[in-house]
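Letters A, B, C, D, E and F mark the chains in the order given here, with residues in each chain numbered from 1 onward.
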């Protein structure tokens, strides 16, 4: 399968982290590619940054979907989802929802380990959007400004490990979700030092995309994920305009 | 006060409906203006259309906030909120959340009356985002394609009235929220024929904006609605880039 | 509009605090009056005291509603609501619900700052009655017996400020609700020293009452807020007996 | 044990129904007495009527608690509870909460069968106050005005039976709670004709009061059910004033 | 009435603790007997141990139900319930659900005091299965390995008392549920030293079983607690096979 | 990977349905085997039957886990989970939870299509155990006794299709979960006739087991899914006794 990862942020260095972890996880037959948002911010910590990232993902997904089998929105918080699931004809999933779905099969309650305290409101609301607040043990975050987003997992290795341990001992986490694209690959590195399963959004998204490929579900033509009803539009980038028009054919 | 309404959709005729109802509600000292999205769709029924509308609102809000005292996002479902509340330095509120806040002071459970069955998933998720699912009695919608979005309230007058009555008699609605900008002004017209209070998103938003003006709350500099932390960005429209830069000064 | 505030407690000094803050908030055209409960306790901290306050409010509301346009129940916890909303023909709202409704337009989660630890169960249950537990960040309270209820906001100024700051830094509050009639006016005084919007139950209630006046919703004749069905009664104060009889005419 | 039932309503005929059913349930050693509210309405269907009933119960409980071992608030909806639990030094329980507690030991979800459609909002809110909405299958009610409150169970026998059957077949009820003092004794009469356990608020309250007597729990001196803190009061009936003063001694 | 208690664990010494407390609570006319699981573990701390205990209880209940009037599953967490409620023709209740039902009549929120930190996930899920998470203040547990399960209440007396006090002071517990069969009888011993009502699973189960006896509800023949539909089975112990066959007759 | 499916029921014919669908879904490198419960019932519709099935699964999982890489509990409702996740050292997942996890990536709300009306309580409680009630649109079931469990999907083909369509049109299902091992393979057959994605518990479980294999999470040694603490046991089948002893080594 051809799997496209879309980094909703402008950081090429983070895209490299993502792609590397995706390739480590992917099956032999899965071809991984990644694109980076042409506009936006370095990484998403807030709802407003997610709004921008969502629009960037929408354009990239609209431009590229026809040449791939599935798409991963490669930022925790899943900017653009579930909206894009209506419009994009191939399966499109997010890092967060993939990690949460996977976590539900490994334990009862999971904690999220994240890179900044500001990010926790956005992540908590992502959990709530997924209807999984009853399975969230806690969100624990680094609390210092980040010197370098692409090296945070080495720069803050000890602190991240300590957050994981606190989540297990104090918050009752059965599973640890190491969140955020800048932490891609960390779960794999530290999992043997942790007392509960630790998972990574990128690798979960790749594994879940492959699981969906095995099931090959059809795209909805009814219900709330059918393509948006055709109606007048104006001023949209060609990619989005085309997507809206395409809906007409698929509906 | 100077109050700007932003129609996240491209329909000028709906903007006129909105502005007319806003002016009927506004206090003597409130100056109403409205802008219409330069890009997007005719009206929002789905999450994907809301994603597009959110980006349009973001640009318009960024362009205009400095010359107004408060902004209303004038589409039910509040596209762009609560993200914009982080970034825009003046109070910014939505039609849905304003109607819900008002409804909570008039009864225990409210029903939403809407223009299309497709729209109900998006509205239900809006209620859930507001944490108010415990106060939602039902969502009742027209179920036929709309011939003309700007005349739906006259074209479908009888059907809309019947939906209201069913919501009260069968669903236990204490309050009726007549939703959607294309229905702006309808609540005012039919309220004397209804057995419970009926409210309108536009007029509630205007009244709530005036209420906030009376309280003049400060903008957050901490917590999850402080301006997004300053970080690298690229390729954004000037309005949004400026907004991100301004955050630096306000934080 | 003529707006009556009813203090469900016997403290005239607290009524003065309330009236002063109400007048600071009210629009030019709003005429504020206040009545104090002729029986009851000095201030409400418990469910039982609220039961007494509710009965006092009921009598005062029944006696005075016909000469005013709207009524505010001026104690946090809203004793008598939503029961009175059934029987009183003019809009009647409470300090808590008004503050919560306003808070929902300023941020995602709010904390309540209150005057005694005993009061927190009653306040938490008030939030739950409003169905807003998902938007409550925390309740933080003073924990010492109060020497003087009418001077608590000056006597405990530093401690109250510290509670506000803890709610933001530790509990994730986006908005601070400074609760309780004895704290009327405090939010206005300290808001510039706080990093998030801080609101006051009295001023929110006045602003929301004015918002309702702008919308002039009708009183329910069906649903669960219609006047109670007419049935035999006995031994009631004239005001309440009259109210029950009046229901007959309005239904 | 001496068990006092308090009818919060003025209907002596309903008090007789209640007392008769209570005596049928009570153990040999339990002495049943009942008092009827000296003021109030014929029966409670709404929040406002419950507010009045709560005040009547408060006075009767305050007058009589010292000569009994436990008190039952004998109206469905439990007017005055949980407020009275703070102030009354003997165990005081309600018909609703007793029926719900009992129902939770007989099945997973219960339906409430009630005498008027208007009553269902008040009952649903009672279930929510008890935090048991997850165990409520439905509320089904008669929908015609009642000719005679004391003979409703014979006048409407067939309709009540039909409501029970619908609750089981269509709503998934595992247990039927035959609600409301006017229906006291009906569950006992029809239970052999019903396919699931059917329980009655009065008999559940008597059985639960005896269960509490067997456990003889102490009254709280800390937490949210300790007596209200002593503070100034004014203008209260002697019974309530005395109760507030007594709190001082017990705290 | 003849009341059988089933200890789902193999500890005879704990059965003695249970029986002793049951006899202290039971009415004069109640005859108490107890059986101990012939297979299983010493005490249940985890979901897996509860799975084993559930199967042991099922066999014992199937063997003995015909000679008793009611059955108590005498381990906190109620292994086997609510499944056994479908199949066993006499009332069968658990220690947890009985304690929770009783607690709901004594206050708004309860805390559970337990013997090991590992046990808290299993207890929290038990509360959730009962739909009572909104009334749970906290679960507080001993955190050291237990030297001797039958003497834990004396060995750890001070620590248990301290947990109780913390639950009241810090967690807002209105009622204390002293959980777990190894703690049977402790609530009775320490309740006068505690500032809120403290209850015990064994005594609550006995009192609730007597309450059910007073109400003598019928066994369901419809709904989700009717006997399992008759269908082929194989390889089951005689007791369980007989129970499944019996369902045929009762349905 | 070697993947073992355990049918908790005694129906060999259903095991064949399960194995066939599992093989259709599995990747080239996945080796599928299946075992059938040596004791139990023909298929699980109730909590009591699930209790029996759970014990059968426990023994089979204990006997076989050491020669496989992952285990699937192949009955909807996941009997034995999450208990077995504590004790079994390899990943063990259920049909329900796998289908729910997959459904969350395909839409917002799913409906469950099932084979008997009696089964719906057990399924609803399974959804609640997973904390996913907010994402459940409905459960729709056949309502006639089944002549032959292994041919239900052909015997009732039209009715099952009609249930699917009603779930989409009337209940707002975005995804259809065709539940129950007797329906294994049906989703694959009818999905092109349905307007939304339709998934099957068996194939979802296989795909999710492969996804977990790609992630190779470690087994917990802390938290609530660590092996049960070692303690005395007695009378257990060798397989379970061995599992409890093994926990000692792994902890």
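Please note the rule applied: contacts are C-beta pairs under 8 Å (C-beta built on N, C-alpha and C of every residue); 3 or more make two chains touch, one makes a residue touch a chain.
Values in this document were obtained by computation on a predicted structure and should not be read as measured data.
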item: Touching both chain A and chain F (chains); value: B, E
item: Separation of mean Cα positions, chain E and chain B [Å, integer]; value: 51
item: Centre-to-centre distance between chain D and chain C (centres being mean Cα positions), rounded to whole Å; value: 29
item: Shared-contact residues (touching 2 or more other chains) in chain D; value: 82, 108, 120-121, 125, 128, 134, 172, 174, 223-224, 226
item: Overall pattern in which the protein chains touch one another (line/ring/star/complete/other); value: other
item: Chain pairs in mutual contact under the definition given at the outset; value: A-B, A-C, A-E, A-F, B-C, B-D, B-F, C-D, C-E, D-E, D-F, E-F
item: Chain E-touching residues of chain D, taken from the complex the two chains share; value: 25, 27, 82, 85, 91, 93, 97-98, 100-102, 104-109, 130-135, 168-169, 172-174, 191-192, 194-199, 203-204, 206-208, 210-212, 214-215, 217-226
item: For the chain E and chain C complex, residues of the former touching the latter; value: 108, 134, 172, 174
item: In the complex with chain B, residue positions of chain D that touch it; value: 120-121, 125, 128
item: Of all residues in chain E, those that touch chain F in their complex; value: 10-11, 38-43, 45-52, 54-55, 58, 80, 82-84, 86-87, 116, 118, 120-122, 125, 128-129, 145, 223-224, 226, 228-229, 231-236, 240, 244
